[in-house]
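In structure tokens below, several structures.
Next come two complexes, and both contain subunit A; in the first it sits with subunit B, in the second with subunit C.
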Partner chain A sequence: MTQLKFIALRLVQAVPSILAVSVVSFLMLRLVPGDPARVLAGPRASDATIAQVRASMGLDQPLVTQYLLYLGRAINGDFGVNLTGSSPVLEIVGNGAVVTGTLAIVALIFTVIISLTLALLAARRPEGIADHIARVYSVGGLALPSFWVALMLIVLVALPTGWFPVGGWPTDFGARLNAVFLPALTLALSLSPILVRSLRSSLLEVFGSDYVLSARSIGVGKRRLLWSYVVRNALLPSIPLVAVIVGFLLGGTVVVESAYNLPGLGQILVGAVSNRDANVVQGIVLTLGTMIILVYLLADVLLSLVDPRARQS
Partner chain B sequence: MTGAIAMLRLPRKKRAVRHRSSKLWTGTSILAAMLVVGVIVNLTADPIAQDLTQRLIPPSLAHPFGTDELGRSVLIRALAATTLDVPLAIGAALLPAILGTLLGLLAGYGGRIADTVVMRLGDMLQAFPSYVLMIVVVFIIGPGINAFLIAIATINWVAYARLVRSQVLVIREMDYVHAARIGGLGGARVALRHVLPNALPQVIVYLAADAVLALILLSGLSFLGLGVASPTPEWGLMINQGRLFVQSAWWLTVFPGLMIVIAAAGFSLISDALDDWSRV
Partner chain C sequence: MRSNPQRRRILGALGLTLSATLLAGCASGGTGSTSGSGGDSATSPHAGTITWARPAASNGWEGDKCVDTSIPLNPAVYDTLLRIEVPDGDGLAPGLAEEWEWDDESLSYIFTLRDNAMFSNGDPVTADDVVFSVDQWLSGEFSSSYYATVDHAEAVDDTTVHIVMKQVDTFLPALLTWCTSPIYPADFAGETSEAFFEQPIGAGPYAVESWEDPMGTSERITLVPNEHYYGWDGEPPLDTIVVETISDPNQRALEFQAGNVDILAAVDSATATQMADDQLLAVKPNQIQSLLVNQAVPGLDNPDIRQAISLALDRDALADTVNDGSIAAVGALPVNVPGEIAPSSPNSYDPEEAKALVDGSGVSDLTFTYLYDASDYSADILAQAVQQQLGEVGITVEFETTDGNTLIARESSGDYELSSAGASAISPTIFDPISWIAIQYGWTGSTATTIQDEFLAGTSTTDEAEQQEHALAVQDFITTDNGMIGLLNTAATYAKQTWVDGFVPLQYGTFYFDTLAG
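Up next, the complex of A and B:
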């Protein structure tokens, strides 16, 4: 199968998943006990507003028609307005997605750096000191709740040094990177334990393989051997895992953003649930679900680019 | 080459066995000790008793973990919370495991339609991160422990269903299962009595790892203010209420956090030991 054909096929396969996500985000509001028009209009809406919402959203139509109407509006970027009617949901979600996206990308970079360093040190000498540290880290790291780590980093690092802002979203790009530094580190600390273990075992496997032995025997330099032979091959089995980690990561942002008071999708979602702001909750669920499907897709395509064997399955 | 590696590994395995059982022991003892202390504290002290004259006192002999903004002892609350958090984490790991195992049996053993429906449903749910699905459930039925349990059952069954299904597909073709079928046993009986017991060890390994995640998710949800409601002592909720005083009264957040870490480490040790054991 050619590369282009593979990518096209994956894109087509993603469509039903995205539709499924839209069904979940649609049904979500219908599952709330009571009148969906009342849910959408908010807890303090008047009867007139509720009637108006019911008519304008087509809530008196059959469920399938309602869903198609919802899908049509979503495709046109119309997710309604928030409860107070002050801003469109699309704008709220867009602003939040910038924060969460920046945080997720920086966190992913940190996760890969931490995991790769630790795994390399561990795999260099199995059963050595570094290996034991990596092992304790990969078991113990999962036991650290990220919201607690966040608070500890605020108290022990951010407040005494004053290097990092606690909360808010600056306009300047450099200041933004500074604002996501500690949150990204927190996320990386909770995600890298998963990656360390798999990287360590794939590194060991590659270290012991025949092609590394033969590369060494024909005199390939140490540095080149490590980066172009060992690391490259050892990373391959971890790429699908990275996609799973991004899923965890986007979920983890919910808690970490709340702890650091960052105005990302997660914090907005928590606030919207507390205020029972149905349109915002729906918009964010749809956005996050779609984002994750796209990440899985991207990981599949990336893997097929670096490893043509992946196209076979 | 592989032979040489295998020889090198041989003595290490023996050491690993002792290591493994000690990990299992340590993990179980930590959790058992915490639960026993938690039960005793709940019987002898009142974790929600307020004393407004004793507000925000730093750790001292009278109050080893200090007191909170309502003059409640943080030590008593942190210890009492064990009897809520640890059993809930175990329950929240068990619930999806049972559901997922049954659905996995159905998918692997119940024909093509059942298989497709179960597996597609799983794929669909996997597109959402667990915190997000959990918050959706909270939005639907309101905050609390019920929302947490329903959410975790909705999310976590998928992994078990996949695991059990893939094992069923293998085990189903084994001679002893064919023999049971030929001997005239019905499909359900073969599935439950002959296929299920052979798929269980892997399920148990997953279960211990999920208890760690369940504990973190439960306390995380309470930290967001969407889980356990005040004044019930719960670690995540204690941290949430203490974060307002994080600069002036560090003991409100540090100690409940350490309790989560210790309990989660207990579950982690058990899960790691079981994981080693399943690989041998």
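Up next, the complex of A and C:
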């Protein structure tokens, strides 16, 4: 199968997945108890007022009709407005995606730096002190909940030093990078333990492989040996894992966003679910679903580029 | 595995250091004084600016849609004809109307407007603006039902306006303090309603300078003084008020401790432990927390079981358990509201009588599910205490937790057995919470219209003694029928930095901004 065919096939396979995501998100929000009309009208509103609001929102129509109307608009790029009618969903999703995207990218960089450093140190001398630290870190990092790590970083770093804001999303780009440092570190401290273990195993395997021994025996320099022979090959098995981590970063940052008061997709999604704001929930779920599918697709393509056997399987 | 004592010592030292650091982190939280909280002096680090953080965004500037979080915010921008008396909240006070009276003959309230009130665009507030505003209230999709007894408003001259009623309704003056009753400039000052509510113009002490992420999870509103406001005595005391939405309670508390936030709303008892005593401000207990009992559920349809539940509850012990300034409920209506009255037979604690009622009821299945909002810290503690107390008379309570919106949705559709409910007044009359409780009581499966009837009768008379009789009738009905069992009157708690002056929150969930300084 050619590379182009492979990508085209994966893109076609993504369409039913995205449709399924849209149906599930649409149905789930409507099947759980809770009434957006009551949220809008307030707890003191009479039943008559709520019925009137419900009708004006089109919520009195059959579910299938509501879904088809939504799908028709979405295909034309119209995701509607939020529950209060104050902002278009696309604008809300766009703003949230900037925050979550920035957080995810910085967190991914931190995760890779921490993981690679620790894994390299651990793999260079198995059972050495660095290896022990890496093991403790792997277990400890997985055991510590990210909201607790966030609180600790705020209490122990942000508050005493004043170097980082306690939370919030400033308007200035430089200040934003500063504001995203601790949240990204929090995420990296939660995610890197997974990658450390995987990388350490791969590195150990590659360090002991014949081609590394051969390279060493013909006098390949230490630095070239490490980066061109060892790290490059050891990273291959971690590509799918990095894709999973990116998927988590896109969809699972809600706790960290909440702890640092970052207006990202996760925090917006929780607020929208709580308010039964169907348009915003669907907009975000569809966006996240599409992005995650694309990330997995990208990982598959990358893997197929470096290892053509993946295309055949 | 190789064993190396030196390595073990190093690892041990690292472990100890890590543990100590983590423990230190856990310990740094509550303080007994303001020191170390970012606010250790009475001088603001950002003089002239007050930042107020709260858990949820506003509902916008439309009076028609003003609920929840907009209730305390909108008075900053819009003034109303009448206000609530400060600081005790014991009655009504002049707002844009200097004087008001009821005219029995013409079935009208007659208001005399201040002659020096102006909108933030510099236009004077006239009777025409009031007439336009009343028309807006009457035609609103969400709130017009509150004004069902209003026929129309008419301007007599620039400063005199009549609100003509269809019938006597003594509730209207209280309703005029609500944020659903703002005074807009006539014809929205030439703007479309959409444009107007994006950049509202009001006669309140402040005007909207910017509104970021409107109604979103990170809404940030910047208010600047309305230089035409009639209430300033010289220069406005503040340059800016910033209203920030921070949904996470820990984040709000940390921002407060860092000195970035000056006023915190909705401080729960867990967060309060992190504040210094001189930073906490509890209003008078005003919100009645009740146990909603679904009378359509087998077992709970038995009046003896409902009475047994009421008798089994030691409300003083519940108040001690919740420990946030709460006081035991003597009836089903809130306290610290003008017109409050205790029921003829106040709530009492008699576990033996409760046990006897349970034993004699003939009800075999005495296990009920208690639905409550798990994100409400006090509700969580209260639920456990109720479970324990009812267990002592043989009633088993199982928990089902949910979020606030689902809770109300399930209660209103009768999808619960026992549930937590709250009701408070947002204006100074006992008929205010009665109007809300009348709706909630319909969720208990009761078909009685007693509360609605008494509300209508009580607000249709100008005789105060008669009004009291109708309020008492509501108390007596609920404490006898026990569809809604009063537990506690809880108090809202705020936190403020020591440099904030003039912050006087009322028990009605609101405060006025013109006295704020810092």
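Just so it is clear, the second predicted complex is superposed on the first by the 275 of 313 C-alpha atoms of A that agree within 3 Å, B and C clash if a C-alpha of one lies under 4 Å from a C-alpha of the other, contacts with A are read in each partner's own complex, and residues count from 1 in each chain.
Definition applied: a residue touches a chain if its C-beta (ideal position, glycine included) is under 8 Å from a C-beta of that chain, and two chains touch if they have at least 3 such contacts.
Every value quoted in this text rests on a predicted model; they were computed, and no experiment measured them.
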{"item": "Partner chain(s) touched by A:L40 [first = subunit B, second = subunit C, both, neither]", "value": "second"}
{"item": "Partner chain in contact with A:G167 - subunit B first, subunit C second, else both or neither", "value": "second"}
{"item": "Which superposed partner A:V254 touches (first subunit B, second subunit C, both, neither)", "value": "first"}
{"item": "First (subunit B), second (subunit C), both or neither touched by A:L159", "value": "both"}
{"item": "Subunit B versus subunit C as contact partner of A:P263, first or second or both or neither", "value": "second"}
{"item": "First (subunit B), second (subunit C), both or neither touched by A:A143", "value": "first"}
{"item": "A:G208 touches, of subunit B and subunit C: first, second, both or neither?", "value": "first"}
{"item": "Partner chain in contact with A:E127 - subunit B first, subunit C second, else both or neither", "value": "both"}
{"item": "Contacts of A:L151 with subunit B and subunit C, given as first, second, both or neither", "value": "both"}
{"item": "Overlapping contact positions on subunit A, where the subunit C interface meets the subunit B interface", "value": "32-33, 127, 151-152, 154-155, 159, 258-259, 270, 274, 276"}
{"item": "Complex interface listing, subunit A residues touching subunit C", "value": "32-35, 38-49, 52-53, 56, 82, 84, 86-87, 92, 95, 127, 129, 132-133, 136, 151-152, 154-156, 158-159, 165-169, 258-263, 267-268, 270-271, 274-276"}
{"item": "List of subunit A residues in touch with subunit B within their complex", "value": "17, 20-21, 23-24, 28, 31-33, 127, 139-140, 142-148, 151-152, 154-155, 159, 208, 210, 213, 247-248, 250-252, 254-255, 258-259, 266, 269-270, 273-274, 276, 278, 281, 284-285, 288-289, 292-293"}
{"item": "Partner subunit A, residues of subunit C touching it in the complex", "value": "1-2, 7, 10-11, 14, 21-22, 24-25, 28-29, 38, 59-60, 65, 67-68, 141-142, 145, 213-218, 244, 246-248, 250-251, 254-255, 257-258, 260, 402-406, 408-410, 412-413, 415, 435-436, 439"}
{"item": "Subunit A partner contacts - residues on subunit B that touch it in the complex", "value": "1, 5, 12, 123-124, 126-132, 135-136, 138-141, 212-213, 216, 219-220, 223-226, 236, 239, 243, 246-247, 250, 253-254, 257, 260-261, 264-265, 267-269, 272"}
